[in-house]
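Naming follows writing order (A, B, C, D, E and F), and every chain is counted from residue 1.
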Amino acid sequence: MNSPTQPGLTETRDDRFARGLVKLTQIDGDAGEAVVARVGAIAPDFARYLVEYGFGDIYSRSGLNLRDREIAVVAALTALGNATPQLKVHLNAALNVGVTRDEILEVLMMMSVYAGFPAALNGLFAAQEVFATRDAAA
Amino acid sequence: MNSPTQPGLTETRDDRFARGLVKLTQIDGDAGEAVVARVGAIAPDFARYLVEYGFGDIYSRSGLNLRDREIAVVAALTALGNATPQLKVHLNAALNVGVTRDEILEVLMMMSVYAGFPAALNGLFAAQEVFATRDAAA
Amino acid sequence: MNSPTQPGLTETRDDRFARGLVKLTQIDGDAGEAVVARVGAIAPDFARYLVEYGFGDIYSRSGLNLRDREIAVVAALTALGNATPQLKVHLNAALNVGVTRDEILEVLMMMSVYAGFPAALNGLFAAQEVFATRDAAA
Amino acid sequence: MNSPTQPGLTETRDDRFARGLVKLTQIDGDAGEAVVARVGAIAPDFARYLVEYGFGDIYSRSGLNLRDREIAVVAALTALGNATPQLKVHLNAALNVGVTRDEILEVLMMMSVYAGFPAALNGLFAAQEVFATRDAAA
Amino acid sequence: MNSPTQPGLTETRDDRFARGLVKLTQIDGDAGEAVVARVGAIAPDFARYLVEYGFGDIYSRSGLNLRDREIAVVAALTALGNATPQLKVHLNAALNVGVTRDEILEVLMMMSVYAGFPAALNGLFAAQEVFATRDAAA
Amino acid sequence: MNSPTQPGLTETRDDRFARGLVKLTQIDGDAGEAVVARVGAIAPDFARYLVEYGFGDIYSRSGLNLRDREIAVVAALTALGNATPQLKVHLNAALNVGVTRDEILEVLMMMSVYAGFPAALNGLFAAQEVFATRDAAA
């Protein structure tokens, strides 16, 4: 069980935002800042929440390493199948934090068992695009 | 567009939690505290996030009244169809903040158009249970 | 509870279609007729059902105003996340019946709590497109 | 393409309801009437729509036989996975209109490919219940 | 019930692949081979599993004819709504194994009842594209 | 990329079943055999496919360790939210292959960001049940 006396209860939103932005950049590089900027153009408050809650609170927790977190997110977004842009961001993030291409393919193939072959196939095609973009940029 | 200079950026997590708890109680009454206690028994940190983000941040925003918020949540949970316990909490919440029973039925019937008759039917059966429980307690 | 002796049981399909078409135009303007025409090109019967049931029956009911109905539909389609074209139609409809841009953003942000950030983000990007198209046409 | 000049445009809601009720009873037997009565207890108007649109309009169309229709519905509800009560009604309906138990199992097994093994398994367990109930009643 | 002593338990993966490829070509024509080649370019093992399990095991079973199988798949993919490329493949497959255009439209219209009008509409628009492509190629 | 000349193409279904059963028992213990027996009672062929494809093919692959695989599956089933029995099996499996309770809670909390708080809450309540059952059996 996680501790009821967790640290950080006196942290401000600005503290969480600052830590979230560091974490986001560590995971997503420039692409992370681009998403925040894009969201900020339509809903600045929501860009804050995304960084504060998603990255300052959740991704910054110490109980699970970033590699495991990205495996979980890639699996979930592939299974849901209705958030391809976010899946691509996290396929890149997974690679950035040390998940290999072959490991990503294994995660995607597993989704054929749990969410069906179409979900797995669309995940594989997204990965193919992400890998190709990274190869072209290399 | 919402303002990029939103208030509250120096608020602490404890501030947000306190405001969230007031908002939660305003909306859900004792049932809200019961959910938080239940979640806290398995994952105390998550009970905090639920109150801080869900109620301290989002539900406390001034741009949409509570009645409209509950209409949105009842519609979404009915359409998703995989979160019946939470739907029941929000059917009660909707009644608590002034949505009438007939208006709730209208929202649920609309979901037949957008998410299909099974989703709408399961929403109606959840409403039937909620209404009956309230009648029995009255 | 809604009344078991509802009016209109002797209405013909043509009556419901005519009322639905008026309601559709009231809500969606020319875009509504365009959808019906597009559907009619592939499945004329289904274009009828869409107008008759969706608009002649459901949207024409008096128990919930159009503003509340559109809040419900925008929330549901954002949460489902697999019907972007229909979400855009209803973002426009919401604006047409008096939901403000800021209120729409509030509904979309709420969906981060109930359906996750990717669903909310894709809703926000759809709203951004709809707002921009309306601005360009203004 | 279906015909733009479909019959029945001067039919009243009562006509469609009467035809729908006959169709519902043909497909679902007493279970169909029980569902309508149950829905009618919470939302009488919606019980009407369910019979009128679902059975009077759609199920009564001549372009696809009832056996094919039930195969489609069993597949869809198994894939969606969030409407078990309705799936059981349609597993019974499929048997009533001539789909064999073995054919139903084939449809459910196919869903492992398209929606994943958990969806298929839950469909199989629902079928097991339906088959056992019918055996017990025989 | 299907038989516990099913044939083929000594078949090799190569046997299943060979049979699956024949079945895939029978159903999907050149498009089937194109999908396998596309998947093989990113994940060759998964292209094998898709053919071996999806077509060598499941589609090759004798208990349900191909026409019924495609009706089930078209219904399921339309209801799920998050796999449009695969839906188009199976709309073509359905036509290839003898489901008529009008019967496909009936299946898609039924989905309005079980998964909502947006799902049905997006299925109809996918069918419109598939029909147009086939007409252009004829 | 995985290798196009993968091993095992001359393996028989019996080979894959035998290996799958060992893997299933390694991951799920007696609970695994119980699921196979339960499925076998309604659809023996499908029990074979589940073991052969799910465990003999996919889970037996060497490219990702079991711990990572279970993190992916727990995340996906929590996000989908419509397969609670299978989620519980995999919460147990995750514990069996070395994911700690705290790590599981982290995975579940992450799902609040990607699939919403209701999905995360229902995952947490499933975990609570699984943990309690294991404590009672200890």
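Here is the rule we use: a contact is a pair of C-beta atoms (placed from the backbone, for glycine too) under 8 Å apart; a residue touches a chain by one contact, two chains touch by 3 or more.
Bear in mind the structure is a predicted one, so any value in this text is a computation, not a measurement.
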item	value
Shortest path length from chain B to chain E (each step joins two touching chains)	1
Co-neighbours of chain E and chain D - touch as defined	A, B, C, F
Fraction-based call for chain F against chain D, same above half, different below	different
Option in B-E, D-E or D-F whose residue-number contact pairs overlap B-D by over half	D-F
Relative to chain D, chain with the most remote C-alpha centre	A
Chain C and chain E: spacing of chain centres that average the CA atoms, whole Å	32
Approximate Å spacing (C-alpha centroids) for the pair chain A, chain F	23
Whole-Å separation of chain centres (CA-atom averages), chain C against chain F	40
Contacts with two or more other chains, residues of chain A listed in rising order	1-2, 42-43, 45-46, 49, 53-54, 58, 61, 77, 79-83, 86, 105, 109, 111-119
Pairwise touch network: line, ring, star, complete, or other	complete
Complex contact set, residues of chain A against chain B	1-4, 6, 8-14, 16-17, 40, 42-46, 48-49, 53, 57-58, 61
Sites on chain B touched by chain D in the complex	80-82, 105, 108-109, 112, 116-122, 124-125, 127-128, 131
Of chain F, residues touching chain C in the complex	79, 111-119
Chain D to chain B touching residues, read off their complex	38-39, 41-43, 45-46, 49-50, 54, 77, 80-83, 85-86
Residue ranges of chain F in contact with chain A within the complex	1-2, 53-54, 58, 61, 63-64, 68-69, 71-80, 83, 86, 101-103, 105-107, 109-115
